[in-house]
Structure formats: C-alpha cells, structure tokens
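When the chains are written out, they are named A, B, C and D in that same order, and each has its own residue count from 1.
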Amino acid sequence: MPGNLIGERFVTMSFGESHGTCIGTVIDGCPPGLALTESDIQKELDKRKPGQSVITTQRKEADKVSIISGLFNNLTTGAPICMIIWNKDSDSRSYESVKTIPRPGHSDFTSLVKYGGFSDYRGSGRFSGRLTATFVMAGAVSQKLLHDVLGIETIAYTKQIGDICIDDIQLDVAREIRYTNDTRCPNNEFAKKMSESILEARRGGDSLGGVVEAVTLGVPVGLGEPIFSSLESDLSKALFSIPAVKAVEFGSGFRGCAMLGSKNNDTFYKDQNKIMTRTNNSGGILGGLSNGMPLVIRVGFKPAASILKPQRTLNLDTGDEVELSVSGRHDPCVVPRAVPVVESMVSLVLADHAIRSGHIPAVLKS
Amino acid sequence: MPGNLIGERFVTMSFGESHGTCIGTVIDGCPPGLALTESDIQKELDKRKPGQSVITTQRKEADKVSIISGLFNNLTTGAPICMIIWNKDSDSRSYESVKTIPRPGHSDFTSLVKYGGFSDYRGSGRFSGRLTATFVMAGAVSQKLLHDVLGIETIAYTKQIGDICIDDIQLDVAREIRYTNDTRCPNNEFAKKMSESILEARRGGDSLGGVVEAVTLGVPVGLGEPIFSSLESDLSKALFSIPAVKAVEFGSGFRGCAMLGSKNNDTFYKDQNKIMTRTNNSGGILGGLSNGMPLVIRVGFKPAASILKPQRTLNLDTGDEVELSVSGRHDPCVVPRAVPVVESMVSLVLADHAIRSGHIPAVLKS
Amino acid sequence: MPGNLIGERFVTMSFGESHGTCIGTVIDGCPPGLALTESDIQKELDKRKPGQSVITTQRKEADKVSIISGLFNNLTTGAPICMIIWNKDSDSRSYESVKTIPRPGHSDFTSLVKYGGFSDYRGSGRFSGRLTATFVMAGAVSQKLLHDVLGIETIAYTKQIGDICIDDIQLDVAREIRYTNDTRCPNNEFAKKMSESILEARRGGDSLGGVVEAVTLGVPVGLGEPIFSSLESDLSKALFSIPAVKAVEFGSGFRGCAMLGSKNNDTFYKDQNKIMTRTNNSGGILGGLSNGMPLVIRVGFKPAASILKPQRTLNLDTGDEVELSVSGRHDPCVVPRAVPVVESMVSLVLADHAIRSGHIPAVLKS
Amino acid sequence: MPGNLIGERFVTMSFGESHGTCIGTVIDGCPPGLALTESDIQKELDKRKPGQSVITTQRKEADKVSIISGLFNNLTTGAPICMIIWNKDSDSRSYESVKTIPRPGHSDFTSLVKYGGFSDYRGSGRFSGRLTATFVMAGAVSQKLLHDVLGIETIAYTKQIGDICIDDIQLDVAREIRYTNDTRCPNNEFAKKMSESILEARRGGDSLGGVVEAVTLGVPVGLGEPIFSSLESDLSKALFSIPAVKAVEFGSGFRGCAMLGSKNNDTFYKDQNKIMTRTNNSGGILGGLSNGMPLVIRVGFKPAASILKPQRTLNLDTGDEVELSVSGRHDPCVVPRAVPVVESMVSLVLADHAIRSGHIPAVLKS
C-alpha cells in the first residue's frame, strides 16, 4: 500500500491538501450499526480548530465536516464513510519561494526531491499539520465505536511545553478541564505558565515543542498482534505519522531504561476479580499485548519549524546561502492543537485491533 | 495481515518458537541478482548468539542458519528466501508454572488470555527474545542489499546501560570496536563500566535496561511514504516489535521538545554539491522523508523481566498472591545482544522503502 | 483490508451509494507528473453514462466528475486523487420492500443478512451497478498513465448478447466503432441484431446477459507477480468485482480445455527483433506473466436480475412465497454499459503491476 | 505485498522450488485451538502425490510433510504454522536448455525476462506444478478448520478431460468415489474413458486439458467483502494462481450469459426454516456474498504444455527457430492431480473470509 492509508480492518485513507479544494478521509471497515452524526465528528474537530486562542495560528477555518457516504438513518451501514472539510481561508501567497528556498525543519526540500517538483507546496500541501484534521475525523468515529461497544476512553493532555513539565496529573481533573484552557493542560496553573511561555517564544520570533501524554481506560486484555503488529508497534506507527512527532514512549519509557528490573516490573494482584498490576511501568502493554491496565503513552513534538526569526538556508537555484524569515500564519507551538490528534490516532489503532481480535463484532447489535 | 510479517515490498514472515523445533523466516520481495551465501547471514547471527560472554544467558545455541529456498548459484532469484535455525539447547523444565503463575513484566498473562491457553509457553514461545534471531536473518539480507546496491550502512551500539550513558561517540571508532567488547559499546572504557554494572545487577538477582543508538549512513533523499508510512512511522513500528523496547526517538527526540525552534531547526548548506544540514536534530528525517543526513535513532529497552530476586505475583488458579523467583537461563540485560537486532530492523525498513521508491530496482544488474 | 479497495501500489478505494449523496473514489499511488484533467475522466464516464439510448435505464445522471484532490497545475502530485460524482436523479420510492421481499438474482437477501439490516438498500446501495462509475473514474487515470508512459491501450467490446455472438472481430474496426453504437459492438450489423434482441427481451419483461471481450495492446513482457498475484489472478479478481460477472477466461479459455497440447501451445518466433507467438491461445499470459502478446480476456455477464416479468420469491417477515414484479428504472442488459467498466478494471490492474515491476517509475519525467 | 502470499486474515506464504532443497508454506492467522497433526496434512497431500498411476508423471516423491512450527500438544497455538516437504527425486539434467530455448506454453521465456536470468529454471522452479503441493498443505489446514468449526466441506472432481465431459453428477457418489479412480472423476465409467483418452494423447506425444468442478456445502450466508473482495473475486484470484488455469466460472457461468433473466434468476423459497433457491444458477453467490446454497465453481485447465511431439520455438541466443521435443517426466494431463489443489484453494479463501466475517472466532473453544 502507498502511504496514505492506515489500519488493517478499520482502515482510514486521508486525502486533500492544505491549500487545495478540501481535506478528507474515507474509513473502510467500520462495522454496521454504529449511531453516528456529523455532530459526533464536529465535536472532536472543534478541539483542534485553528484560531481559537491567542497562542494558535490566526488562519480562520470553521473546519465543518460533511459526511457524504456510509450513513443511513444516522447509523453506519458497513460501507465506506467519506468525510470532507472544504477549505475556506487558505492564503498561498507566501509559498512560492519554498520551491527554491527550503525552510529549515520543513518538508520543502525532501518533498521536492521525492516528488520531482510536482508536489503541491502551497501551505506545505500534504505535509501540513492541517491534514491532522483528517485524522481527527476518522478518529472521532473510532472513538465513538470504542466507547459505545467497549467503554474505552482515551484522555490526552499537554504534559510539557518547552521546559515546563507537569508531573503530577490527576486523570479525573484532566478529563474535565483539559479542553477548557488554551494549552490543553490538565492543570490550570500550569496551563497559564505554558501559555505565557508560548507567547514569549512567539514574541522572540521563535517557537516551542512539548509532550502530549495519552491515557486510555477500559482496554480489554489481549489487544495486539505480535510480533510485528504489537500494540506498541502499531500505536507508534500511527503516532509518528503526526507531523512534528520525534519521540514516543510507553509506560516508564526512557526513564525505565535506567531502572532495575525489580523496580520496573509491575507485580500482579487481584482486585474484585480483575487482575491488575500495582505499578504501571509497562504502560498497559506486556509482550505487545494490552494487559488491562491503562495505556500510558507519551508523544514528543519538536518545536514548530516555522519561525519569524531569520534562519540561514540555501537557495537551491543559485546554490547560495540566504537568510530566511518564515512568514505566513503558523502555530508557535503545535502541542495544544495536537492533543485531540493524539487521541484520534490512539483510537484508530485500538479500533483496528479490537476488530482484529473480535472484541468488536462484525455487526453491531441493533 | 496477521502480525507475523512486516514490510510492503520487502516482506519478512517470522515463524518458530523458542523451545520448538526451529525458528525461521521467509523473505518475499528480495530482488533477483543479489549475491548471498549462508555465511553472510551467519556473520550477523554470530553477533547476537547467546553464551558468548559472562554477561549473557548461558543457553548454548550455535544458531547455525540454513537457507532452504530462494538461492540459485549463490544469487537471489526473486523467489522467497526461507532460512531456518534448528533449536538445539532448549530446556523447558522451568516453564510449566507460567500458565498459572505469570511472571511480572512478561507476556505470560497477556498471551494466556489472548490465545485462550493454547499458546506455546515454553521459554516464552513466540514472545521469546530468541525470535529476534529471525529478525537478524532477514536483516542480514536487507543489510547486504542496501550495502551492495546503495552503499547504505547502519551502525548501532550500546549508548546506555542502567544509568551509565556515553554521550560523546565517534562513529568511526564505533564501527570498529562495538562488536569487540561484551556490551557492544563504542568506547572500551565505558564498555567495562557497563559490563561491571550488569554483573553487579545479576549478583543482586536483578537486571538492567538501556539504550541502543543506531546511525545509518548513505541514505538517499526521499525514502518514506507519508503520511502513514513515513520513515519514522515504519522504523518505529519495526523497532517496537523487538521485545523489551518501550521507547523510540529520532534525532534530538525528547530532548528537542524542550528546545527553541531556532535551535532545533537544522539549517541547510551545500558541501561539494551535496545538500547538508549543519546540525542533525531531525535525525535525518524531515516530513517523514529521509533528507540525506545520517539517520539517528535511539531505542530504549526496559530492564530484563526475568530476575532471580523474589517478586510478588498471582496464582491465577487459586487467586492467591505468591512469591516468585524466576529461574531458567536469562540475560541480565538484553541490550548488548539487541544491538545487531536494531541494525536488522532498521535495515529491513530501509530496504523496503528503497524498493518502494525505486532506489533499488526490480532486478539487480548482473 | 476490508473490501472497498483494490491494488497494491496503485490503490483505489471506492465509496458512495446508488441513492446516497454521491459516489466517489480515491486513488493512492499514482506517480507524480501525469497530465490529468477532469475531461480525461469525463470522456470515459460518458461511455457508461445511463440514459444514452433506448436499450439502457432511463435514470438521468450527467455523471459529472469533480476532482477534489491530488492535482496541481493539471498534473498529478503523488498525493491521493479524490474524485466525486454527486447523485442527482435517484428515486428510492420502489425500494422499501426489498428488506422483506428480496428480489431474485439480487444482493437484497445476502446483504440483509451480512450487514444485519443496516445496509442502505435504496437502489441496491453499494451493490448497484452505478458504483461501477467509480471504477471508471479510477480506471480513466490508470488508462492515461498506461498510455502516456508505456503506450498501452485496452480495447473492450461486446462480443455476445444473449445468444448472438460475434466471432470474427477486427481490432482496428473495434477501436473505431465500438462506442458509436448502442451495444458497444465492434460490428454495426451485429450491433443492430443485439440491440433488437435486447428490446425484444425487455418487451417480454425479461433481460439478457452477454460477454465482453477485452484486448490489451502494448503490454511489456513480465508483468505479474506469481504465484498468488499472477496477472490472471489479479485481473480476474478485479473483473469479478463488477456486478453480474460470473465467468472470466483468458486466451483460448474453456475452449482450450478441449484442445490437444500441440494445438493450444503457442510457438515462438521473432519478428523484427520482437519475440512473438504465432497463435495467442495463452491470451498473452504465460506462467502468470505477460508475454508481450495482446492480452485477451472474456468476461461473462449474467442477464440483468431486475425484470418486470413476475417471479416467485419469499416474504421474509411472513415466510410466505409471493409474486414479485421488479419495477424501477433498470438496464434490460448491462453488457453495453459494462464495456468501459471492463476497460477500467483491466487498466487498474495493469497500472498496479507496471508500478510494482518498475515499468512505470516512481516519478514521471517532467 | 509481493506475490507469494495470499489471504487477509488466514494468510499463506509459499516458498521453495521444484528442484531445490524443499517446498514449503507458512500459515499466519490460523486461530489457536484447532486439533491438527501431520497426518491431517498428509492425507490431502497423498491425493495429489505424483507417480500414483499410469496417467501421471513418473517422478517419485513421497511428499512427506513435516510441521516445524505452530503446534503444541497437537493443537494450533495461533503462531505461524510452517510445513515443509523435502525434495527427493529431482532430476535437473534436461533443463539447461530452457534458458536459451524456451518451451512453448511454459513460463521459460516470461520468467527469464522478468527475473533477468536469475530465476531457478530447473524443473520450472517456482512455476512448477509441484508448488501446488504447498497449496495443498495450507489448504488441508483450512479444510480442517472449516470442517471442524462450521461443517463446511468442498468436493471437487474432474468434470471434463479433453472433449469427454460428464454433465450429470451425483454429489454423494462424487464424494465417495472421486479419489478411488485415476482421473478423480465422479463416475467410474467416465473415469475409464477419460483415462484412456489421456493415455492416447500421451501415446501421440501430446497432452490434454480439462475442467474441475468444485461444490462447497455448508457455507453460511454472508461470506465475502464486496466490492473488491467479493467471494467470486477472491476465489478466482486463488484459483487462477494454480498453474495452467485459464478459465473460472460460477454457477451457470458462460452458459448463463445466453439465458433470459427469468430463467437464470434463482427464486427463493423456504425449506424447514432455511431460505433456499429452487435453482442454483448463481453458484451460491449473490452480490459477491454467499447465499447459503452450495458454491459451484468450474475451473478450466489448459492442456499440459510439456509434450514430446516436436514443436517449433526460438533459440534466444541465435535468434533461429528450432524444433523442440520436451523430455523430462511430466503429466500428460494435470487435471486429475489438480482436483485436491482446487479443493485447497477454495478452502483457503473460505477460511480467510470466515475469519474476516467473524464466523470463525479469534480463539477456538477448548
């Protein structure tokens, strides 16, 4: 398969360009019988919509979804579900130069070479963060499927922005408040600090990165298809498809690499007939299979590549080094808007695996 | 596809069990015309062979490969290449108990549930680190293919064991010496410290984890198939298929998340007609596509789950908590033997992508 | 993968329903650099458009294509190409009953069971012949790709309608005239007979089937990926995806089964440095691989299932047998409109294989 | 995927060469808990074993299977099942010439071009009918799975050899006697005629083709994944992977193309709460989905390409036409030995679809 689809049984194919006619996605493999409306999708899209606060890009896009196939009487039918957002507010004026003067940290240079100069470079085309809206559309369907059939819920939030990191997170609070502040942080005090930090970077013509943490509750034991389709394998593949992601870890992750086995191993016990582990350093995955504990994943985003501060780069035509200041409308930090995207990608993978393992049946009960 | 194969055009299917008749792999999609002998494979297998030093398991396996299909006159034919290692020194006596008393940190519990009690639990069966020998067999073919056709070379080494971490690495030295010491460290002084650290952990009935870093040279610009088959996506999927891996990062990785964009962006320049970047925080990947700089990947391994030190766990039959001391022959730290495995998985993914992008032709020149 | 996509490297995903909002398709894997406009697609769509003659359904659909992604400056970019036809003239009044009274020869009963009653049954939903317009959209792109890069051309035509069969076909004539008569027949005299035969069947409240033959010129030697992705395997898979197809044969086909080997074998000779065979009983495929001779494929269509003549069937609710006369607007014979569909499916498979084998490069020359 | 594997959830990868070390297959996706022994496989292999009668090749191969992975306590575990037959009686002396003097009707020429001269041409290498033994190994597992879980049974038999065709077949008799005569015919009188016909062709240095018909009983309603993975699509793909197959039809097939719709449509009725059709012109498939009636498939095999009678062909080195008489040990008619191969391919596809649709669960009941 080429690269624009993901999944085995719950498959998503993304299409569209940042400054083209539209962006969209088709899902194949959603079981028939799931109650679904456009508002189920819109609710999730609104969480990553641009222009919602002072710390995001000022591009205005309502990002209104249209479901144009696969539903009948507000239920899925088993047929492919195509969803589209028509682009409205694209401004391609500032992109003519990227063909000859590639922006540092961007795909301009690599896509130019790979696609022989034919790719749509306007607004980074297929490589734009805007395409993550197609992940969210598909993710919203998978989230609803996981929730309605299995009671699975994924809660992601901003754990770190620049060097500000919150370690002590209360999941119940996170669930309630993360989408009530601009930075999608599970703690309003930290949210304020993070927000200020982003504004300060932007004032300096600079940008920040950070870390999103996702916790998934209600996962049954045994999702994952080792060896090569282990839960970590497929989750990481999906998460590294999000632009700007450069690191993924599960449970104790890199920190666990420095621990003794006796500390990192999670010991089993039984609580009201459910087998649990006392710690969760495994992040809910043992041997590539879910163990019934919460999935815990951290996703590292690099600082946004588009910055106003002048950088050196090459003029590919002349071979000269030039100074470049990236204008256009950009997020000084993509992390806050990436939070629903992480939730979506985690959900897409879990829905796929829940179908593969038979936890979600071929036809939902009416 | 079920989970035991990986790749799109250069496909590997792993089979076999730790304590069964054999372990093996079949490669489909290797282009015809590659010179290949069993010694090309054996050379790589010998790097991860057990029983080579005091810090690894004492299981004795010659791990001698037989190529039983796909070669003709010492050249690949385009037909599937099946390679087998017959198991010799398995000792299954200590595994009867894992069905009822799952070992912490292992797949015993999750695989029991997933496979309904039918899985071969002896020596962890399919979940054993021993299966990584099948990765190395396939990886050796992909390494030779990448080297002979494109001059690509992957150099992995142990960067960290427990809390001992080496930051200043000289790649030329690493290439020469990493397989000359027990820990596969690119620095003999650190190697000694790491080795002592492992022995100390074992003396305490405990285990260590660590980090393998891989650097790949000679990658052409444009490998990767965004969105969902980006180079990071497919590399991480492959690397998380290695047992005990819990974290993967590229370039500046998690560290880069705390940097300013102006510091993390790599600026372009030209050196003798090759377009380069002054730093390599991207780890050689921009927009999911290789940019011609060295790939830099770090892979985090959790401490080995099998430890002699007593741990609490459950007796699934009785529901009682019990104390368990894991006997059997195990590595106190899997990191050193994982180094060639990481090289293999990186090579498998790159060979696949080099075929997908046409950099490796359908038929090699005779 | 679920069932709504086909191909390995040139992948098509079909979506939409006969009486829904739209029908469409997304192509992933079309190389960048192909000149393409909506009129290239429309030209092919017009060949299967309904309502063009007295022998087809009276449903009026302009079937006007919109390309909504994947093009830039009238060239493909390497990104997914999404194409849509908005439905205009659907009339769903007559379909309420199919849920309880399945029409003989239709998918009503089987889809009801498979999709648990959730499928969109209006106008047969996903099972409608209307969906073949999505094959033609994708097929038009593959046809242009094959033509522009390799000079490949597929010429299909109606060989048989009911019991009227034309055996002596001149390919040059077929190329010129097949789309100038209502039945898509390569001989105007036979075309008239076939047309009368269809009208006669319709007057009797009945329907006819027939055979489409496709000949492909310019195929290079060596397309096909045996064993399981042989050219016959993948062509037949694609062709049996067309509704109403119940038989496929290559070259001498079933007739060849009764021949002696010495008669059926095609002997090699050389003509102006091209290796040819004197006969073409193989239909251009030896060992699952193209041999450079014209591909010759015959595709058998059953008589259209929708007939006005009363048939017996079941009322699923009551369990009683009832008499049913199928109203609605239907083709009394699907064969004429299937001709461009067969051309499309053949082209889709050949484009896929030409990319897999490297005959079509990853990036087209600018 | 390259071409040596088939299936989506029940996947088979074939490897090995006719005159190499071995032939074999790996199954991935067989659910855990199926009782399976080597004798279950051997029983099926024995049905296609060479050298059993005067009408087949005199190559002597015991074709003894070894299962080398995936079983534990005579039950499948969910892990890949690798099965091997070691080649014993290969005689490669007569094959040196095929590189320069391609045999008419064989893959010599096409494989030479495709694989750049690197393919193993001895005994036709990967293109040998011998490889169908790998289909039978995998098919035997799928047959047992279908039988044990769903009670599905496939009965194939020789319907036609040369111009001798048996039309009136009693399935109960076919089930009993087909493997008791040399031609695998469901009628002993016809069997004798067919056998004589084959011997006569061989005496003339010639060969015959024929038709295998397969009937599958016990298929539940709703197998198949339209559009592109319809039951006909996937069955035909699998059947056209058998060497020498040039035609496939379902139900009334090509004959139905000449019928009126009112005759070809099968009318529904109810018999003891099971919904049936009075005729079975659909061959048990409506809309690409099984309808609960017996599957009826006919598979056309061309006459064997290897004949002693001199044929003209090319010397590729000199460009001259030469006369060729194909020696070596060959079947004068492949049809009888193809009967269990057809049963195997049908079973592989049905097992795959039964898993995809959930009719076979992820874990079998213990």
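Everything below uses one rule, namely that contacts are C-beta pairs under 8 Å (C-beta built on N, C-alpha and C of every residue); 3 or more make two chains touch, one makes a residue touch a chain.
These numbers come from a predicted model, not from an experiment.
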Quiz item: Which chain pair shares more contacting C-beta pairs: A-B, or A-D?
Solution: A-B
Quiz item: Compared with chain A, which chain's mean CA position is the farthest off?
Solution: D
Quiz item: Using mean CA coordinates as chain centres, what's the chain B-chain D distance in Å?
Solution: 39
Exercise. Round to the nearest whole Å and give the separation of the Cα centres of chain A and chain B.
Key: 26
Quiz prompt | Centre distance in Å when chain A and chain D are each reduced to the mean of their C-alpha atoms | solution = 46
Quiz item: Touching two or more other chains, which residues of chain D qualify?
Solution: 1-5, 8-9, 14, 114, 126, 357
Exercise. In the complex, go through chain C and note every residue touching chain B.
Key: 9, 356-358, 361-362
Quiz prompt | Contact set on chain D toward chain B in their complex | solution = 1-5, 8-9, 11, 13-17, 20-24, 26, 28-29, 32-33, 68-70, 72, 75-82, 84, 114-120, 122, 125-126, 363-364, 366
Quiz item: Inside the complex, what are the residues of chain B that reach chain A?
Solution: 1-6, 8, 14, 102, 104-107, 109-111, 113-114, 124, 126-127, 131, 160, 162-163, 201, 204-211, 221-222, 224-230, 232-234, 236-241, 243, 245-254, 256-270, 275, 277, 281-283, 286-291, 300-307, 309, 311-314, 316, 319, 321, 357
